[in-house]
Structures are given as structure tokens and as C-alpha cells.
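In C-alpha cells below, several structures.
Two complexes come next, and they have one chain in common, subunit A, joined by subunit B in the first and subunit C in the second.
Right after this comes the complex of A and B.
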């Protein structure tokens, strides 16, 4: 990932800053410039919105054949989480046993290392999820 | 060093990764009697960070919970100091990443500290000074580490991961710092050269002229300057590189087992270096009552100690109702792993592509 891209996305990766359409109130993550429902009505009406970081598992899967960057974590769980604000996002689910995971499970965001550019390169940090009742 | 005005702890919290390894598991690999080693060090297990955890992630989690406990907003933090000997970058501050993750950026001062195992309490003193002088309202002092021992080294039985964060200010404090003092010398007991992955240590030299000398001299200095005696304190927290040293030092200075036990976490999580005293103090505060007096002395190789005289205020009652996890809740979540998995997690072995 180029340095400028990671730097631009720090707010959303560290703090879960998404966007809220002032027209219809819908919350998006990652942030959008235009609300797909309101279209031109939402032009210049998208404001920054910080997600609380709490939500529920919508669906999940166990990854046995990891992306090369996540070799050290294999096997790991990926989940689609719907936040309390209604935004849906994909993330790792850590500190959880696959047997205990189910749709509706309450989770919370925590900061983890997402990867690194190289052994001597930049470290990418960002949110992952863990069970609220760990 | 007596603070000019009221200065104390507004919020605190600790985080320890959930993975554990037992001394037997380490000993079996290197042909040593791990159980005997564990008994002699009084370490039953030590914490191990997951490959996606480091000082930034540990500090961030602890700091988030500390802010929740202090009930303050991120823009009220005026300073962040992170003390560690395992900062993820040699050059690029941990503190800026922690500040950004708390949304405390950009209107604050931030820096990283390193003083072996006492970098966290050095951050306490800095925040105390800034608050006491009126330069800042709130400062965040963090001590965290993911320390390493070379494969086969005695440190593999103890070097662990964890940290705690303290929000230091003058209003609505849970505990007041009455006094602090330090004792600092040039003692070559433990070091890691620039660019080296694993530290070196002086073996038995790390005991008498290093740990015991600094801990006892600093504690006795605090007792003398405040006119107190060991019996005046309800609790005492000493640096805990293993379970044996703090017990021995406490006994020598006249502190009882009961005074130090609530803050003695090393037997369960190992030596968390810069995180050790901050975590021990957090566990002690978790069970403290208004008016309780706590003596704290850290130790960092190289070498130095910082002592603190702390008195708990009535505000500690609110901690009991908060949902912020107490240290016991955090460290009771544990999953034991094999040496092979530990070696992978600590990057002692790599996959072929790495």
C-alpha cells in the first residue's frame, strides 16, 4: 500500500470514521462522498461520523488458506459486522474460538497490526473485532 | 520531589494479551528442568502477544479503557508519553500512533520513553510535573512492552507482554501522588545494542548491585523523606522481573506478603517490563478503598528506580460501578500455547515466504 494511501485512511482505520448523509441520516463505512440512496440530494451533505466500534456479527468464515500477508495468523476468522449505527464492515475477528462464533454475536473494535509494508517498512495498524464478552 | 499542587490518577487500565506459555514448555525444548525453573523464579506462566499485537496495540487498548474510566474526551488529553523498551519502530514514535488512535491528535505533546523496565514510571513523573506546574490539565502516561528473550536464554522463562495506561491530572482524581523520588546510577546489568533483536544481561549481576540496591535505596529514600514506615502503607508494589525478587526485597525492607500480593502479577503473566509496575498498581487500585496508602517502586536496568507515595481518594468508589475491565478480568482470559506456536508468534521462526 503506498504511504499516502495509508496516511489518508488513518482516521477510518484507527478510529472508524465513516460518513453520514445529512439528507437521509444513513451512515456509511468506509466514508462516501455521495449517498447512493439520495444521490445528488446528498451532494456536499456527507459529514464525518465516528462509529462507536460496537456491533454484531452478520456472517463469518474461517480462512484456512490465508492471504500471504496473514500467513502468521492462519487460520483466522473474517466477519462482516453490522455496527450499532447500521454500517456494515468486514474485519478480522480475533481472540475468539470459531465454535463460539455465530450470527448476532456481540463484538467490539480493537486496534491491531493489520500488516506491514516489509520487514523494514511501514507498519499498518487498524481495527479488528473481538467478542464483547471475551 | 513533592508536587506543588494536587496531582493524581484520574483513570487507569491495563491490557495483557491472552496467550500464555508455561515454563515446562520452554524447558522441554532447551533441555532444562522448566518446572524447577518456574518454581525458582516463581513464574507459573507468562503472557505472549499474538503476531498482530505490539506496544502500539497494547498501549492503545489500555489508554482507551483508562479514558473511559476517567470519563474524559480525547481532546482533553494534553500530553502522551509511552514508556517501553520494545517500541515497534526504532525511529517513529509509538506515542503519535496512540494519540491518533485515541483521536487526541493534533493538539498535544507526545514522546516515547525508554529506561528498560521503568520507562512507564518515568512517564508518570513527567505527567506529574506538567500537571503540577499548571502547564497541562491531563497527561497520559503509558508503560507497555512485548519483550523478547533470545532462544534458549533464561529470559525466555520470564519476558512477557502487557501494559497499563494512566490519565494524570488534578481534578476528580481517584488517587493522589503525595511524593515521588528517584535513585539513578550507571549500572551495566542489562542492555540491548542498537539494531540487535535480543538483549544481553549480566546473569547474577542483575540481582544485588542492580535490582535490590536500587529498589531498596529508592524506597528507603522515600520513607525517610516522607517520614513514613513500611507499616504505614496498606499496599506496596515493586518491580517484578520474577516472583522471587519483589518478595525478597519486600521482606528485607519490612513489607509483608499481604501488602505486595494484590499487585504481584508476575507469577501469572511473567515480567511485562515497562508494564509491570503500572499493571501491578492497577491491580492494587482495583481493590483499594478510600484512604488506602500505596507505596510503589519501579526498577529499570541501566539503572534506576522511581518511588511514589500514593493515597486513594473517595472517587475510587466509582471505579467499582464502571464497566471498564479490572486487571483480574483481563488476565483471567488465558490460552496456553506450545513452544512451537510461541516461537512463531514471537517471530523466532518464519514461514518460507517471509
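Right after this comes the complex of A and C.
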């Protein structure tokens, strides 16, 4: 991933900061400048909102053929998680056996290393999920 | 939806396509030219009649380090003076290019328009080609966290299985059927049959999708020639009419969609296309649907309205989508077995539809088809395009 993009998103990735539409109250992650429900009425009404980081699995998969950057983790579990605030995100599910994963499984976000820029070894971090009940 | 008035009827008067596969000896421009010249020859044209060229291409910049490919192809086709434009919408680039060609002719702006699609995917390794496909997902909020293109479709499959009882057997049956059709298609990358056991026992890529649930990486090109239907009889052969088109959109990231087992972009595109054509899903005799994965075909035949949501897997298992069954789906072999030259796919589908409607599909011919539908998805379903075709009379 190019470095400028990494710096641009660092706060959201580290702290799970999304947006709340002050017009309808809906919470979004990743953050949005416009609420797709309210559109023009939400302009300049999108406030930063920090997610609690708790949620449940919507669906999941076990990846056997990863991107080379994630090769050392293979096989690993990816999941789509719906947070308690109603936002949905995609992330790596760690410290879980695939046999135990199912829709509705309670998880929480944890800060982990996501990867490394190959050229200069810059390590970048972000959220992953692990079972709440572990 | 705006009602559109005073559009001219549009006909396809020429089709051409290359062999699909790993074509080491053919460059992107050669693929584009071969398909285009075949289409012109089919219509009985020389080339100087062409007023506009559209080229569907997804990722020449990444795959062969070449942008600006429309004038490149025009130049080497000997028509450098003809205005040309590349259209990109991920894996729906070909279908979207066809839509632009249709609009150019329907609006009265142009008379003779060539729409081509070409992709050269095998100059990079398979892993790199797959990464480039995954760049049509959200790079900042999906792939950076380790999601692959395969895994995003795998999560749709898992969701569909959990919510509708779809089985791995039913997924495998999509591949078996499409290979059986491809076995009757000389341009197919994999013109041979396969078995359910073989598909199910393939190494897992992203659970529940195995290696043979996935379409291949391919090189290939396809093209059509369009003209106003009222002029169509002055060219060689029986013309086919593009009756209508509809385009749909949806959230870029899969996780943003409330029902991950439905592609809203497809539903939206189909709804518009049916309405504009004044036809219903039951009126369609055959369809080329986007089957980059086996699950994608099952979702498509539901979202296009051929089967109820959740019934796609069972319908496939019961043989309802086989050649000359309830509705013939992917008679060409689809992306799965005919191949996936990604930016050309929408044009490959158009070529198949014309062959079927003209009764030129050989061993895989559908019995006297009335309407055919083609359906092309961009990326993981943030864009989709549907065209409905019939014989012009």
C-alpha cells in the first residue's frame, strides 16, 4: 500500500473512528463525509464517532490462498463484523478456530500489525477481531 | 427512472471474437484487432464506414503497463482517424462499453459503431493477475485488511449457504453445467466436461470456494458492430436488436450491503432493462450471466428474477438452467469455462447472444429463442449492466 494512503487513514485505523450523521443519527465506519440516507441534509453534519469495537460476525471465510503479503498467516479467517453501533467492517479474525466461527459470534476489535511496506520495512497497524469469549 | 423517448432502435450487425485462453503469442492490440476485424467481416464492412470505436478494458495499465488503449487498437486496426474511447468499470467494462455504443447509435449521434473488448492477463503471473482483480474491491477498507477478491465472494457464498441452505454440491453443479456447455464451444478456454466430484475435491481457495469454483485468468477479445436497426437489412446476415439496457449500482465494499447474498446492482439493472423492454423474466429464453465464481451465477439467476431468492442453488441442481431446460444459462460456458478476459467479458456475452438468436450456436443452440439477456458485473457488485436482445424483424 502506498505510504500517503497509510498516513491519511491512520487515525481511523488505529482508533476505529467513524462518523455519526447528526441529521439521522446513523453511525458509519469507515467515516463518510455524506450520509447516504440523508445526502445533502447531512452536509457538514457528519461528526467523528469512536466505535466501542464490539460486535458480531455477519459472515466469514477461511483464506487458503492469500495475498503474498499475508502469506505467513495462511490460512486465516476473514470476517464481516457488524458493530454494536450498526456499522459493518471487514477484518481478520484471530485467535479463533474456523470450526467455532458462526454468524452471531461475539467479537471485539484488537490492535495488531497489519503488514509492512516491503521497501523500507515500515510497519502499519490496524484493527483485527478476536472472540469476546476467549 | 426517466422514460426515454425518440431513441432509435439499435441492431447488432457483426460479431467477432478470438480464442480465449493463455495466448502467449498474442498482444492486447492483436486481440482487439482480431475481434474487431472479424466483426466487420461478419457485417460485410471494410472499416472506413466506422464512425466511433468503444473499447472495454479493465486494467491494461497494470497488466501490460499500457494506458490509452482505444486509439492504440484503432490505429493498428487501420482506422487511426476514427474517434475511440476506452470504458472501464472493473469486470463490467465490456458491458458498459456496449451500453455506450448503444447510446451513441440510439441517440442518433453515430450510425456505425464498433464496440470491442480486450484483456491481456497472462503477461503477469496468476497471483499478480488476481491482485489486480482485487483492486476492483475497496483497497482502503477491504483488501488492506487481508481480504482477497476470492474471499469477498467466499463470504457471499457462506452467507447464501447460511441463509438459503445453498450447498457445495449446488455450487459445483454450476461449474459442471458450464463446462458441459463450453465443451460445445470451440472458442472456450476449457472446452471439456468436468464432474461434481472433481470440482468439490479441488483445493480450497477461500472456504467454501475451491479452485474450480473460480473462473480462470484469460487473454481474449470480442467485438460487435452496431447500426440503426432501420439500416440493418442493408448489411450481411440477420440482425439482432438490442431491445433495452439497464445499469445498476451499489456500495463499493461488500460489508456495506445489508443482504450480502443479493446483488442489488443486478436487481436494479434488471428492473430497468425489463421495464424498458416491456418484458418479464419469464419471457427470457437464455441468459449469459456473470459467473466469475459459481456462487455468482446462483445469485445472478435469483437477482435477475429467473428464480426466487434462495432457490438458485436448488434450480441449478435440478437441471433447470441446463441447455434447453427451463432457461438456458451460460450456453457459452460462461466466465467459468469459456474464460474470463475480464474487460472483454461483456462483449463475449453479446457475441454468444447473437449466435443464439441467429441460430448459429451449433451444438449448444437453444431451440428458437425469442429473448436473450446478458449480465455483466463490475468487481464484487458495485456496478452491473443488463442488456436484453432479440432477433430484429
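The criterion applied here is as follows: the second predicted complex is superposed on the first by the 132 of 134 C-alpha atoms of A that agree within 3 Å, B and C clash if a C-alpha of one lies under 4 Å from a C-alpha of the other, contacts with A are read in each partner's own complex, and residues count from 1 in each chain.
Keep this in mind: a residue touches a chain if its C-beta (ideal position, glycine included) is under 8 Å from a C-beta of that chain, and two chains touch if they have at least 3 such contacts.
In this text, all values refer to a predicted model and were calculated from it rather than measured experimentally.
**Student:** Following superposition onto subunit A, is the placement of subunit B relative to subunit C best described as a clash or a fit?
**Tutor:** Aligned on subunit A, subunit B and subunit C fit with no clash.
**Student:** Does subunit C touch more residues of subunit A than subunit B does, or is it the other way round?
**Tutor:** After superposing on chain A, more of subunit A is contacted by C.
**Student:** After the superposition on A, what does A:50 contact: first (subunit B), second (subunit C), both or neither?
**Tutor:** The answer is first: A:50 touches subunit B but not subunit C.
**Student:** Which partner does A:39 reach: the first (subunit B), the second (subunit C), both, or neither?
**Tutor:** neither
**Student:** Figure out whether A:90 sits in contact with subunit B (first) or subunit C (second), or with both, or with neither.
**Tutor:** Touch status of A:90: second partner only.
**Student:** Once both structures are overlaid, what angle do subunit B and subunit C make about subunit A, taking C-alpha centres and a multiple of 10 degrees?
**Tutor:** After superposition on chain A, the angle is 140 degrees.
**Student:** With both complexes overlaid on chain A, does A:112 touch subunit B (first), subunit C (second), both or neither?
**Tutor:** In the superposed model, A:112 contacts subunit B only, not subunit C.
**Student:** Would you sort A:68 into first (subunit B), second (subunit C), both or neither based on which partner it touches?
**Tutor:** both
**Student:** Per the contact definition in the header, classify A:134: touching subunit B only (first), subunit C only (second), both, or neither.
**Tutor:** A:134 sits against subunit B, while subunit C stays out of touch.
**Student:** Using the superposition on chain A described above, determine whether A:15 touches subunit B (first), subunit C (second), both, or neither.
**Tutor:** In the superposition, A:15 contacts subunit B only.
**Student:** Examine A:103 and indicate which partner it touches, taking first as subunit B and second as subunit C; both and neither are also allowed.
**Tutor:** After superposition on chain A, A:103 lies in contact with subunit C alone.
**Student:** Quote the smallest CA-to-CA distance from subunit B to subunit C in the superposed model, rounded to whole Å.
**Tutor:** Nearest C-alpha pair, subunit B versus subunit C: 11 Å apart.
**Student:** Could you give the residue numbers on subunit A that contact subunit B in one complex and subunit C in the other?
**Tutor:** The answer is residues 68, 73, 92, 114, 128 of subunit A.
**Student:** Using the touch definition from the top, list the residues of subunit A that touch subunit C in their complex.
**Tutor:** For this pair, the touching residues of subunit A are 1, 5, 9, 30, 58-68, 70, 73, 76, 78-81, 88-92, 98, 103, 114-115, 126, 128.
**Student:** How about subunit B: which of its residues touch subunit A in the complex?
**Tutor:** Result: residues 18, 50-54, 56-57, 60-61, 88-89, 97, 100-101, 103, 333, 344-345, 347, 351, 353-354 of subunit B touch subunit A.
**Student:** Per the contact definition, I'd like the list of subunit C residues that touch subunit A in the complex.
**Tutor:** Residues 127, 131, 134, 139-148, 150-152, 154-159, 162, 203-209, 253-256, 260 of subunit C touch subunit A in their complex.
**Student:** Where on subunit A is subunit B touching in the complex?
**Tutor:** For subunit A paired with subunit B, touching residues are 10, 14-15, 50, 68, 71-73, 92, 94-95, 110-114, 119, 123, 125, 128, 134.
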